[in-house]
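Have a look at these structures, which come just after this line.
Here come two complexes built around chain A, the first alongside chain B, the second alongside chain C.
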Partner chain A sequence: MFSPTIIIEAMINGLLTGAIYALVALGLTLVYGVLHIINFAHGATLAAAMFAVWGLNAAFGIDTYWTIPIVTPAFFVLGYVVQRFVIGPAAHGDDGNILLITLGISILIENALLAGFGSDTRSIPSDFSFAIVEAGPFLLSSARLVGAAGSLVVAILFWLLMSRTDTGKAIRAVAREKLGANLVGINVGHIYAITFGLGCAALAVAASLLMPTFYVNPRIGGAFVNIAFTVVVLGGMGSIPGAMAGGLIIGMVESLSGLLLGESLGQIGIFIIFILVLLLRPTGLFGAKA
Partner chain B sequence: MKFIDTTLNRRTALKGGAAALATMAAPAIVRGAEPSPIKVGILQPVTGALAQDGEYGRMGAELAIEDINKAGGIKSLGGAKIEMVFGDARSTPEAGTQEVERMQEAGVSAIIGGFASPICLAGSQAAARYDLPYIVDVGVTDQIIQRGLKNTFRFAPGFSLCTGAAIQNLVKINEASGKAAKTVALVHEDGLFGSGLAKLMAAELPKYGFEILELIAVPTPSRDLSNVVLRLRSLNPDLVIPSTYYGETVLLARTMQQQRVRPKGVYSVLNGAASNRRFVKEFPEAAENVMDCNHWHDPRNEKAVALQKRVEAAGKIYNYNVPLNYSCVGLLADAIERAASGDRKKIIEALGTSTFAGHLMPYGATKFENGQNMGAAPVSTQVQGGDIKVVFPETFANAKPKFPANG
Partner chain C sequence: MIGRGYLPIILVTLLIAATPLVISSNSFFNFTVLVLIIALAAQGWNLLGGIGGQTSFGHSMFFGIGAYTASMLQTHLGVNAWLSLVAAIAAGALAGLIVGFLSFRAGLRGSYFALVTLAFAELLRVLANASELTGGAAGLLLKLDPGFANMQFSSRPTFMLLALAFVFASLVITQKIVNSRFGAHLVAVRENEDAAKALGVDVLTVKLKAISLSGAMTAAAGVLYVQYFLYIDAGIAFGIWISIEALLAPMVGGRGMVLGPLIGAFTLHGLGEITKSFAGRVPGIDLIVFAIVLIVVIAFASSGILGLLKKLADRFSSKEGA
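Moving on to the complex of A and B:
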């Protein structure tokens, strides 16, 4: 029915989209792995980061990629502060509370964005958005290639941070055994906040990489976060390589099933995977240790 | 008030003071009293998924009320001002109904707005219980006027009027080009609106010699439309007809431009983007030559052009919701003027016999049949040179259709 060229191009498209899913899932999986909470504010934070990128571009004409050194630290600090001074103290040690607090924060962020920017759908027009790389018979979007590469770089940096630095060791220790970590002198509250900040920083990078090809409105986070949940479950809760592999697999599945079954029915593919993973390998592809 | 008035009347009459009687019968202004304002409910979804459209609608209604009050209010009521009672329908029919109840309690004489079909359906139904006139601004579903509700009036064209006109306009534009387009691919959102429209087009267009290559459904929101564009590239249709919401249409047009898919025409119906100035402003290249059959103001109407300039001078975007709601308020003010009363039943009567022509739309004089303005019609627009031009029908056109668009 379809020529091999189209199928291969659809697969490449799927991988490019999947890389962004992975990046969005990275923050989610990290926060889950360490804090053992599902951050319901993840989508709203992504929308906020996209608005930040859009705002910097609209107000100061800063190119989307150059906003990365601005929004990433800003969102790290924001995440740190929110976890340290809002979520942490308000939770009183109960995970059920955290769930409700992050839900509350997401409502707050979405409505703040609505009040501040209105519900208009906005995008950043730039010539680069339309640039393509011709690879044989394929026309690949330059912006999406950059997006995939960027997301890969972030994943590697995260992995290095987790495996090679003291902070990473502390994060892993807290994830494994909170009380023990506390006993050996790790400041658990601080590590929680760092982890949450890292999750937000990953979203900020994702926002900068997404904006050249996508659009933003206050409710846009939901479009990516539902997928990110599936990616996290597939890859294994808390696993960075898992998020990366999960993102790429989901992207590819979505793309191919979209091509073969139609875009709306194609979404089924993602959720079939979701259910199968939960049934057959509840720990996910890379989540055995958890 | 009424009670005191009548008793006074009777007493003075009993006294036989003819002069006093004349004074009492004279309009309020003669007696030096400030005429009480007429409350009008403006119902728009300004939060939630439809907030973008709701804001445009509110802007149009506010500007109209401002203008009517500046021009002296309702003259037959001694210059009574119109007072807006705003209700946020929060993008759901439930919230719309709640707001209608609140407006009823606030004592409005009529309600205008709703925007989305479900909100219009629920809102007008709730208003009907109180014989409260309800003017639908956009809501296109045909059900709105098929329920026999005496209080409900739709000034703009509904779904059947729109699709009928869209197909006729397309056929004529294509004939004028020497039948440049033969094959069609339909890209539609997978909800009620998009799939209904796509099925209708797929059933009707073959009667006029078009060949339907494929119906492609897309979800809302879509994260990526590269694969849809891939399929379009392999199908190579002469004409692409999208019926999707704003975000997806923008994504589709951008991806088509990027992937160098250039059909002879992109013709959308009641589309969220192709007659939206934000799209044209942000992606002039992707938007160029895209056609739409939709609500639009009459570009030959000086008042409409002046309103557009006024909105744009304030740094805001001018979309069809603005002149449409502006016109709906005018329509109501005209009815109140003729009814010379804020009484709901009298306003409903006056709306039913309306021949209002002082609006900004390409409709001609208003004439309601079972609540539908039979003069209403959509127009076909095309993005040309970074501007939205009306290209069909010729009576309202301010540009010629550029079709086929790409060679």
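Moving on to the complex of A and C:
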């Protein structure tokens, strides 16, 4: 039915998109791994970051990729503050409460964006969005290649941060045993907030990398939150290599099922994987324990 | 002789039932019908999430199954509306049983359970949006034909009384469950599943019973929705909005408390209307208020409005005694 070239091209494009999904999922899985909470507001935060990128471009004409040094620290601080002063104190240490608070935050962000920007869909049009690289018989989008490369760089930076720095060591200690970490003098609340901020910072980078080829509207977070949860669950909740592998797999599944089933049914592949993994192997591919 | 807990239910129901005697504004009845439909859907959530402690993020799946079963039976097969209602409630219970069997047997709890319910609802939304049986993206229209046999009423107060009757039934059923041994088991599972199991509670059966009753109630709300608006599409039926409404109302009113969903739904939507009248036509402003109320309730009054009232009453009576 389809020539091998089309299928392979779809797979490569899927991998490229998947790399950005991995970046979106990175923050979610990091927060889960350390704080043991599901941040339901992850998708809405991404939507907010995409609006920030769009706004900087629309207002000051800053090129999409050059918004990274602005939005990334801004979202790190935002994430830190929200975790330290809203989620942490409001949850009283109950996991169910945290889930519901992040749900509340996601409703809040989504509707604040709706109230502020209306429900219109926006994009950043530029020639680069349509630029194509020819690789043998395949035509690949330049913006997606840059996106995938950017995701890889961020993943490496994360790995260096986690393995080589004192902060990374502290984060790993808190993830492993928070009482013990507290006893040796690590400020657990501070580390929680830093982790949450890092998750938001990763989203800001993802937003900048996504904007050349994606569009944004206040409801866009919903689509990404489903994908990100699937990636995280597939890779194993809390596992960073799992999120990377899961992102690539999901990107490919989405691209192939879109090709075979059409746009409207294409998403089904993702939900089915999500449900099957949760029901059959909730620890995912790389997770150690449930 | 009225059993424990039934007096407030009867009083609240009578209070709402009496409103047509003093109010004649159609917008009031539109408001109340929607709030009652949400309260019914939310009572379904409360049974499973409030009393049973199994937080669902996807109760729209039951709402949608109820709405679509009722409208598909009527439009495609010409089945009577009341029979369709019974079938829709049964379908909701069955869906609850299936989803519950799959996820509880797999040992999903807490956040994992919330995510899997969300995934089921989203899966159904995509399917309903694509399938011809459900009218695809265009949705399904019920033929306007007012009359008792078709469960359509041109008078809004009459429909409000019908919705109220459903809510009353859901309140009585929930109170009966709370007073029963099954209710005690459900609370035990919520408080400490492992301890409940050790004491001989059949945890899986208790959860399955709760989720199928929950699905049935929320499905009935879906039927009421479609009988009132005579239209359904995938975004309404399986949309995240009703999953959130079904969860917010009990959270705000008092989770696990029989009157929590009804009080919560009235409070939230009352606040929503007040905000809209101040802020004008800013899209999403009511949901912003809902979200802030949710966060504030969790932070400062985790047992909701009813819990707060109870605490105040206890403090007052203990001062009286001292």
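As a convention for this text, the second predicted complex is superposed on the first by the 280 of 290 C-alpha atoms of A that agree within 3 Å, B and C clash if a C-alpha of one lies under 4 Å from a C-alpha of the other, contacts with A are read in each partner's own complex, and residues count from 1 in each chain.
One rule holds in what follows: a contact is a pair of C-beta atoms (placed from the backbone, for glycine too) under 8 Å apart; a residue touches a chain by one contact, two chains touch by 3 or more.
It should be emphasised that the depicted structure is a prediction, and the values quoted were computed from it without experimental measurement.
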First, second, both or neither for A:96, with chain B first and chain C second: second
First, second, both or neither for A:275, with chain B first and chain C second: second
Contacts of A:283 with chain B and chain C, given as first, second, both or neither: neither
Contacts of A:167 with chain B and chain C, given as first, second, both or neither: neither
Chain B versus chain C as contact partner of A:267, first or second or both or neither: both
First, second, both or neither for A:182, with chain B first and chain C second: neither
Residues of chain A contacting chain B in one complex and chain C in the other: 111, 114, 118-119, 222, 264-265, 267
Residues of chain C that touch chain A when the two form their complex: 53, 55, 57, 102-103, 106-108, 110-112, 114-116, 118-120, 122-123, 126-127, 129-130, 137, 240, 244, 247, 251, 282-285, 287-288, 290-292, 294-295, 298-299, 302
Residues of chain B defined as touching chain A within the complex: 47-52, 55, 190, 216-219, 221-228, 230-231, 233-234, 246-247, 250-251, 254, 257-260, 278, 282-283, 285-286
Partner chain C, residues of chain A touching it in the complex: 37-38, 40, 86, 89-92, 94-97, 99-101, 103-105, 107-108, 110-112, 114-115, 118-119, 218, 222, 226, 229, 233, 264-265, 267-268, 271-272, 274-275, 278-280, 282, 290
Residues of chain A defined as touching chain B within the complex: 2-3, 6, 9-10, 13, 17, 111, 114, 118-123, 125, 129-132, 139, 141, 213-215, 217, 219-220, 222-224, 227, 255, 258-259, 262-265, 267
